[in-house]
Amino acid sequence: MIIVMKLSATDAQVAAVVNLIRESGLKEHVSRGSELVIIGAMGDEDLLDASRFEILPGVERVTRIMKQYKIVSRDSHPAGSIIQIRGIPLGGNQIQVIGGPCSIETQEQMNLAAAGVAAAGCRMMRGGAFKPRTSPYAFQGLGVEGLEFFQTAAKLHNLPIVTELMDVRMLDTFMEYDVDVIQIGARNMQNFDLLKEVGRVNKPIILKRGLSATINEWLMAAEYIAAGGNHNIIFCERGIRTFETAYRNVLDVTAIPVLKRETHLPVIVDPSHAGGKAWMVPALAQAAVAAGADGLLIEMHPNPAEAWCDADQALSPTQLNELMKTLGAIAQAVGRSL
Amino acid sequence: MIIVMKLSATDAQVAAVVNLIRESGLKEHVSRGSELVIIGAMGDEDLLDASRFEILPGVERVTRIMKQYKIVSRDSHPAGSIIQIRGIPLGGNQIQVIGGPCSIETQEQMNLAAAGVAAAGCRMMRGGAFKPRTSPYAFQGLGVEGLEFFQTAAKLHNLPIVTELMDVRMLDTFMEYDVDVIQIGARNMQNFDLLKEVGRVNKPIILKRGLSATINEWLMAAEYIAAGGNHNIIFCERGIRTFETAYRNVLDVTAIPVLKRETHLPVIVDPSHAGGKAWMVPALAQAAVAAGADGLLIEMHPNPAEAWCDADQALSPTQLNELMKTLGAIAQAVGRSL
Amino acid sequence: MIIVMKLSATDAQVAAVVNLIRESGLKEHVSRGSELVIIGAMGDEDLLDASRFEILPGVERVTRIMKQYKIVSRDSHPAGSIIQIRGIPLGGNQIQVIGGPCSIETQEQMNLAAAGVAAAGCRMMRGGAFKPRTSPYAFQGLGVEGLEFFQTAAKLHNLPIVTELMDVRMLDTFMEYDVDVIQIGARNMQNFDLLKEVGRVNKPIILKRGLSATINEWLMAAEYIAAGGNHNIIFCERGIRTFETAYRNVLDVTAIPVLKRETHLPVIVDPSHAGGKAWMVPALAQAAVAAGADGLLIEMHPNPAEAWCDADQALSPTQLNELMKTLGAIAQAVGRSL
Amino acid sequence: MIIVMKLSATDAQVAAVVNLIRESGLKEHVSRGSELVIIGAMGDEDLLDASRFEILPGVERVTRIMKQYKIVSRDSHPAGSIIQIRGIPLGGNQIQVIGGPCSIETQEQMNLAAAGVAAAGCRMMRGGAFKPRTSPYAFQGLGVEGLEFFQTAAKLHNLPIVTELMDVRMLDTFMEYDVDVIQIGARNMQNFDLLKEVGRVNKPIILKRGLSATINEWLMAAEYIAAGGNHNIIFCERGIRTFETAYRNVLDVTAIPVLKRETHLPVIVDPSHAGGKAWMVPALAQAAVAAGADGLLIEMHPNPAEAWCDADQALSPTQLNELMKTLGAIAQAVGRSL
């Protein structure tokens, strides 16, 4: 931790800062310049509370130096982690595209969706049984019945399934239905009790970025899961909230190389929720793969015009199929495979 | 709902839109201008899904017209609601200041805090037993033991208590400890399962605004609670996330008059979390009262320098006391009392 | 400047950083902790270019310590500056409200406006002759003819005038027409050539905050003016751009106490452009005064419904009159006068 | 324009809206639903001022329907425009990469830079003679001498040159030095007098997006240039300002497909200023090409460690060379060439 003193700070004020550093079990380094005094607190920064220094008289500013994330940090595992999902590797050379509808609607819809996903060459499937909706009057998902439809359809094509967990009380049900990958949605990225619970199970977790979560907060949310013992975490960038109103969110592609540098865990992208319109999905999906994403989460519906929600957001099976070809060529251009 | 057709839209495309409106049980009004065709769908807009129209060929843009919030809308209760908290009115002419520490630490700390809160003229007290912390390695609150300390201290001064609920599984405990007002934190504003549960109890709820929640999303989150039957909801503005890094959040005072216009429910402000520094609190608290807030949530610690978290954010008892005097004068200037 | 080395940094990498510090004429302080090496560069930080350090191998992060603004910093003038505008003090105990229409339209409109401004008790007047409009097809202002109307009307009531300068080539005309206070609009806050030019004249400058300018960038923009020799600078907060769409901008009241701490110069607020609606103006104006603003810039039109632009934003003379009474009471509540 | 009346609107209030529409020379369509009255104003929307309606009693909300941009709209030129720069096409199948240093420093530096740019296969060169700097104490560019160095170096390789114009008074000098493409920087995107002036010359203009400019404002800024007669406009996305502090800006790749849909003009991307770090440039440049950009503006310095500004942002000639190979492969994957 670095404590910068005010221009007017007295020797006694500097001494008070030094005392608090020592009391906390760290060692101080005092640098006196022509104008400023700067004090470094060397040692385990977690023992210090920045606000205890900021309140001391004569202190101008306090800056943390150490990163607060440890288990998820690339420093702890420089080589990069590959997460195995029923034998399918996520985070290595091969890029994984997870396709499927926004909402689980009927058994027939899911059967058609699973067939389309498999036919396009995707190796995993997504679908929502519990839906976070802005309005209490909107369709909230089929619930447990949806999980049933989903597993029935996915098994026909041997596709591992990805679905969102919103309520900590449903975790046992998710385990019972053998959900392969549990998704934590953007609105729950800092639902700390939910993070703690999924940290205790032995399932890969897709952690979506909060609508306005910083990279640091996102890494810390993953650290909550990891601290519970579950290190199988997949980051999913899904667009951030900005001032722009011409599209739903702004897909933050810069987050991809930055996360790949900061953490050893895989990074995937959801181009469907980012843009909010099916016609934007190809451009965004292509950008994500070109920027180094390890996978994609793409909405596909057997018949978009009939979708129960976000009809204008899902690709048709044909569109997904075409996109996969372009993505394969881009993957190759950046030295990977699809 | 208004559907604007593209310049190039054909008659058949217009007809398809009209068909979908009729199928949904609404009535269309087609306006043909020199350049544009605009179609209004009149009737119960909740029966329509905008995305079903946006995907139709020839459609340029779809705009919802009706507000989605109903119970919390001022239209449903033009006079404004006053919420009674153990006989203390919130939402009327008298402004309520809720003081107390960020975290509950010890019985002694809470006793001193309660005494300070009462001495300053506040009629309610706040304190956190369960703390949402960015880091899993930071102090997470005392938990149930904290509720015990809190009630013991508050009862000495007959102060109703306000505390944050993070986990739906703790709701029964909150009822057992007779928490007077349940706070839903900013990070849980769209934790829809939690909102549904507190919609079923008979306790006033303070609903903090999410870090980057729009006014509309915030009203809809309140509608989730209200739809469950609990109409005792208090909005709490606590600063929003922007590009500015010189302070933690930007206190959005504009939200105060806008909410007072849109909803009949009371609106309070948390100046402590907004700015993040004790020295900013008086200016922000004064601005909130001058802009029409019905109450304030202010952090006060008997000894800020020793606080277990956010030491630089809490006022001392003396500072709270002084601030209350200025707030009283401002309340009077705007025709209210403190 | 503080240079934090990577965990893996070698001695040679540390030495390279130290060399660059010495070559730049500063002195290094190297602090070696159990995990990290931190290097402080003490001396005139302006001699260092952070990016030259960031590119060096082994460097994790570089943090500037010194503030870049000097003349406008409160450190250079702790007492606070009062700017005299034809004998009217701005920045002292008395709060100044500058009223007037968005656009100058006709001589008659300006005469009525000036009468209304004076009758409400304002001591200065605003009005736009050159208007920054998003669309090239919108009314761009009357130009020089407008300045003529403005001075004619204002002189009847001995009101100093405030008007916006957009084009550096019009500065001589502004001097000729004896504009009392030159306003630099939000969109030109970082029009550095314009800032340099108004830094060379002897007129007070109102510097509006850019739509998404940080406090630091704003202070640096003022420093551009000050560096030219003109220290008569007035900061004007006018709302910032955020994700919120329910109102035009978010008035950043936190900027008021923060600026008052960082600079000795006066700070005023424009509640009219911030909210964008006349009905929001009283709440925002009241909040600004309660938070410590030194003045306000309020739009008033003799007949808002007939205004040539922003008809829904201007107060009527009666509304301004009423607001002034409330503002007077709030000013008194915070120990000032109106 | 669509005018939505309040639930409580009276017939007289509806009539007043209708009157104002007719007075403005348009035709009204009144739609009466069970709850709401909605009024469409059909005709030339530019004749209407929304604020004149918003101030009328009984009006809830006013929505513009027509796009305000005309010349730059794709509606006016559905096929897409190709801009010729000394025979090099921008906007067609071939993607153009414009390389070169942030600042022009010396003749030698520019000669080396030009050689590196040409060797990497770029067909145009960039370099700054006038630099917009946050601090008045930072290097402001070499000025006219820099243009001299630039042209001398670029001519050796027959590279058209791109450089930024900040001050309207320098336009004649730019014409004299035969600058091939004039860049308008992000901070000047709404410097309307500058836009008007470059609208009168016969040179291609690169219009960078403002730090927090919406797509609509950006298109309207281009319309300012186009309205003056100069239709050779190139949009350049360079990252937007958000809450994220881990990188300088967020590159908004979604803007690429959206602009390509809204305007017929070419769209390029500046990955160097977006991320602010050389190591981020490849990922961002690749994403931009994959998302459909027509070109890139990439910083390259013959010796980045010695650059006079932004040393950590420029690629070396070798890095640019490698990146060009990957970009070529991605261009091919999306059906284009480099």
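The chains carry the letters A, B, C and D, assigned in the order they are written, with residues numbered from 1 in each.
The rule is simple: contacts are C-beta pairs under 8 Å (C-beta built on N, C-alpha and C of every residue); 3 or more make two chains touch, one makes a residue touch a chain.
Quantities reported herein were computed from a predicted structural model and do not represent experimental measurements.
Number of steps on the shortest path from chain A to chain C, with steps defined by chain touch: 1. For A-D, the equivalent interface among the listed pairs B-C, A-C or B-D is B-C, as over half of the contact pairs agree by residue number. Averaging C-alpha coordinates per chain places the centre of chain B 31 Å away from that of chain C.
A straight line joining the Cα centres of chain B and chain D is 38 Å long. Centre-to-centre, using mean CA coordinates, chain A is 26 Å away from chain B.
Counting partners per residue, chain D has 212, 241-243, 245 as the residues that reach two or more other chains. If the chains shown are joined wherever they touch, the resulting network links each chain directly to all the rest. For chain B in complex with chain A, the residues that touch the partner chain are 46, 49, 51-52, 54-56, 68, 132-137, 166-169, 187-188, 190-193, 196, 211-212, 217, 220, 223-224, 227, 241, 277-278, 304-305, 307-313.
Chain A makes touch with chain D in their complex at residues 212, 214-216, 239-240, 242-247, 250-254, 256-258, 261, 274-275, 279-280, 283-284, 286-292, 326, 329-330, 332-334.
Residue ranges of chain B in contact with chain D, taken from their complex: 2, 4, 7, 27, 29, 31-36, 38, 40, 42-44, 63, 65-66, 75, 212, 241-243, 245.
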